[in-house]
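Next come two complexes built around chain A: one with chain B, the other with chain C.
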Partner chain A sequence: MQNGRKLLEVKDLNIEFYDTTPPERVVKGVSFSMEKGEILGIVGESGSGKTQTALSILRLLKSNSGISGGQILFKDRDLGLYSEQELEQVRGGEIAMIFQEPMTSLNPVLTVGSQIEEGLSLHTKLSAEERKRRAILAMEEAGLQRAEELYQKYPHQLSGGMRQRVMIAAALVTEPDLLIADEPTTALDVTIQAQILELLKEINRKHGTGILFISHDLAVIRRLCRRVLVMNEGRVEEAGEVEMVFEHPEKEYTRKLLAAIPNRRESLRRRRHG
Partner chain B sequence: MKYMMKKTGTLIITLLIVSFLSFLAFNVIPGDAARSKLGTEATQEQVEALQTEMGLNEPILVQYGRWLRDFVTGDLGESFSYSMPVWELLRDKIPITAALTAISFFLILLLSVPLGIFTAQREGKWPDRALMVLDQIAMSVPGFFWGILITLLFGLILKWFTPGAYVPITESFGGFLSYLIAPGAAIALPRCAMGVKILRSSVLAQMEKDYVRTAYARGNGRRRVMYRHVLKNALLPVLTFWGMTIADIVANSIIIEQVFTIPGMGSLLITSISNRDYPVALGIIVLIAFFVIAVNFLVDILYGRIDPRIRVEQ
Partner chain C sequence: MKYVLEVKNVSAIYREGRTEKTVLKGVSFEVRENEILGLVGESGCGKSTLSKVILGFVKASQGEIVHHTKMPQMIFQDPYSSLNPKKKIGWILEEPLRIRKIPVHERMKRVSEMAKKTGLGEEILTRRPGELSGGQRQRVSIVAALLQGSRFLIADEPVSALDVTIQRQIMELMVSLQEETGISILFISHDLNVIYQMCDRVLVMKDGEIVEKGEREEIFSNPQSDYMKRLLETMP
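Here is the complex of A and B:
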């Protein structure tokens, strides 16, 4: 464990919603780990606890819920022991996060440029000029063309795909070790979805950024990840290499989930024979 | 440019409607300027003679047309009861009411913004609950009654100011301003309470937005999330409220000036209405209407400056 390869280790994580009596446990004893530079997928239906798991890593859970047990180790440091101020340094610095709704995840009254730069002003002592230069580099890397021009624009002037690229640029500008992506392609159409997945792969290859990719879409997970965690009702149903899970699912639930996605080979065969 | 023209058009139409309706009101209510000038002792012949001299017997549209023609050329006419140009009468009163309005508005901003943020940040906790109870009380008591209470407490019991001892601006600027603080507070209290409530709920609604979660995920602390991200968004609905508040302050100052015996436009308006001195009343009404429209125009511009989505639509 101390070989320095581990990026993230979640041990026996429990999360509860406090607004019911007794509190409702939504994540039940989830454990997993990620190596540096790895892309790990978490797949599950809505309500399976995957988003809560992701949010709990940065302690971003809403006030009506909280971690009731377990440990989150990031680079062998226990994040559970961190104060709010110490966590602020980790958030957006070492661990960045992007979300499902690029339309609403950006502040409507601040320019795109200032939002991308924000991570740098919070986590570095760079000059304003240098911050702008890096923000524009990050925008270009995130596939945004005419970055200089876009820098001045406001979120509502951009398309959904562009906004998600802005979110990615803002997340990557600080060169984090881990990027948590919570359904980042769900709200986008298929072509843009494919482009964003390629972009994430590219970033992972180039910078060795570990990516925890959360999705309800198995097909998307298969394109991006080497290992996957299947979650259902707050528990890990199955975990392993993506191909193994796809080809030889152990659990009934995984089989059902797989059956639910349109299989291209299947449909081709059916068309040919039908 | 198109926007400016549209706004100017609205301004002109509103002023025409407001002035005509006020003119009409003077013709509908019983009594006229001639009778009130001559008093109850005057004979019917005397009254009629003066009415003819003042042009009060002419058709209402002719009278209004004449007033409008003079108004357009910058002449507000002459007061019936004071026998001096309306503009000269107003000139001395405007600074008083303007200062009262400014003080009230300043007090509203000064109190409602920090309190709105404070209560939103402590939603459901005891300071929030206690302040919300006080807020409810401040909101339900009308301004003039606050005026009476303030006079009683700070004037008669604590003796921080002498009730009724208005200090003219020409005598002492400091004295003038400090006398206006108590009436200013009386007007401000109910509106300030509303402002706290609106800002509080606006901040709370914004705190639920996705961009706030993004801001936290980026490493912003609570303070920075509030002041850099949330507040600008939360102020948008409050800005409209402030615009309406200015109109409300001017309307309220008419009553408050009576309570605190301040010789401002409010006192003049009431005297001119009871004397049926329509040139003076109309001058004041049109001036207030112009001011209210101008403030709303300013709010529109500010709105665009804060919210880039509106800027584009303009």
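Here is the complex of A and C:
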């Protein structure tokens, strides 16, 4: 594989929690890579280390934890060598992130518009007028109707689905190369969830934005991603093309995980109906 | 057909200042003896309000609720808030039996039998709620509900906050306990697939109304409402 195609490379990543002595290792030698414009899924249950892995890319781990080994290369640049200031330029610029509960990442006392523009204020020298124009464009692209009107509103005036669209608009406004999405559809109703997944696909198609999509939900991963990593207890259990992993899982854990997904093939009821 | 509950043409209204919002509109259904009845719908459709009306926490503006058995016991999405954090699990589980003045050795026997049956080891009984995992807490709340001796449980999204492998264990546990005891469960969930796997009959709610009602197979293979058809499409 040509090096220039690589968007992200994580090599032998270790993450530890320092609350205990000795520190508890929660991510254990995780390695994976993403090509430009790829949608990669990471699936796992709580405690599998998937969120810690995602947070460590932008060095957003909480103060009681840290990277204790390994390397994170973004477009062949070693993010580990970046100062906090340099990394600040990457965050919300070339790499953006969205979370499960947009309400906790949106500032309740600032208008939607000003929060979407924040990335532009930090990373560009555009005029206020141009920032607003781009914010409205990003809002429209994120599927927010009547963007001009919404621009003036506050987060609490929007529904959960709309807030997630606002987060997506804020993430996209700087045209990042990589979008890290940590359970972005988990708190949403199924019909809204389906719309947000379609939106992410559309963004990927149109702009070639690479998406690292973290979820506990295998069905969602299957819908969106081409490749998937299955994580369990801090390790990558299995990795490969989504269809291969789902149809022919190699590891016992993956099989167990797949068998547990609620489905409409097998009822748990033993007794007869009617 | 014997029922544990009849809900007849029930409506409910929430008032906020001068505005009124009708959250339930003429809802009618029965919960039969010895069945798991599923109630599926998206957030805001009125499914949780319905359970509050059944329990009498919210007053119906119209219609009638007829209980044919003791008040149902509730199982919630996160049982943490309903378990006293300061007490040990054994104490919490014994509480309803203590109120009924059941002697101490009999109480302990019933609690430890039930704990064993639901896959909670006896060592759990000496721990406090904060020391348990989500799946263990949900087992505790199921045991607590069963020890109350009610023949009717309302489970409001009981597996939604759990990881899939744990979710599966709790679903299997609820099904096997139902089949063993013959109690009735009103099982509320937003997840169509969970409803499919658990339930005998299904109610589908949208905007405070029941848009579909019937045997599980019938509803899933031959939905009549546009809403159910759309739900089935969006949920693989």
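The criterion applied here is as follows: the second predicted complex is superposed on the first by the 259 of 274 C-alpha atoms of A that agree within 3 Å, B and C clash if a C-alpha of one lies under 4 Å from a C-alpha of the other, contacts with A are read in each partner's own complex, and residues count from 1 in each chain.
In this text, contacts are C-beta pairs under 8 Å (C-beta built on N, C-alpha and C of every residue); 3 or more make two chains touch, one makes a residue touch a chain.
Since this is a predicted model, take the numbers as computed values, not measurements.
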item: Which superposed partner A:V245 touches (first chain B, second chain C, both, neither); value: neither
item: Which of chain B and chain C A:S46 touches, first, second, both or neither; value: second
item: Partner chain(s) touched by A:A96 [first = chain B, second = chain C, both, neither]; value: first
item: Which of chain B and chain C A:L257 touches, first, second, both or neither; value: second
item: Touched partner set for A:L178, first chain B, second chain C, both or neither; value: neither
item: Touched partner set for A:D189, first chain B, second chain C, both or neither; value: second
item: First, second, both or neither for A:S105, with chain B first and chain C second; value: first
item: Overlap of chain C and chain B interfaces on chain A (superposed complexes); value: none
item: Residues of chain C that touch chain A when the two form their complex; value: 36, 42-43, 163-168, 171-172, 175, 179, 190-194, 196-200, 215-217, 220, 230-231, 234-236
item: Residues of chain A touching chain C in the complex; value: 45-46, 160, 189-191, 193-194, 216, 218-219, 222-223, 256-257, 259-264, 266-271, 273-274
item: Interface residues, chain A side, partner chain B - complex; value: 58, 60, 84-85, 88-93, 96-97, 99, 101, 104-110, 118-119, 122-123, 154, 156-157, 167, 170
item: Residues on chain B engaged by chain A in the complex (per definition of touch); value: 209-211, 213-221, 224, 228-229, 232-233, 306-309, 312
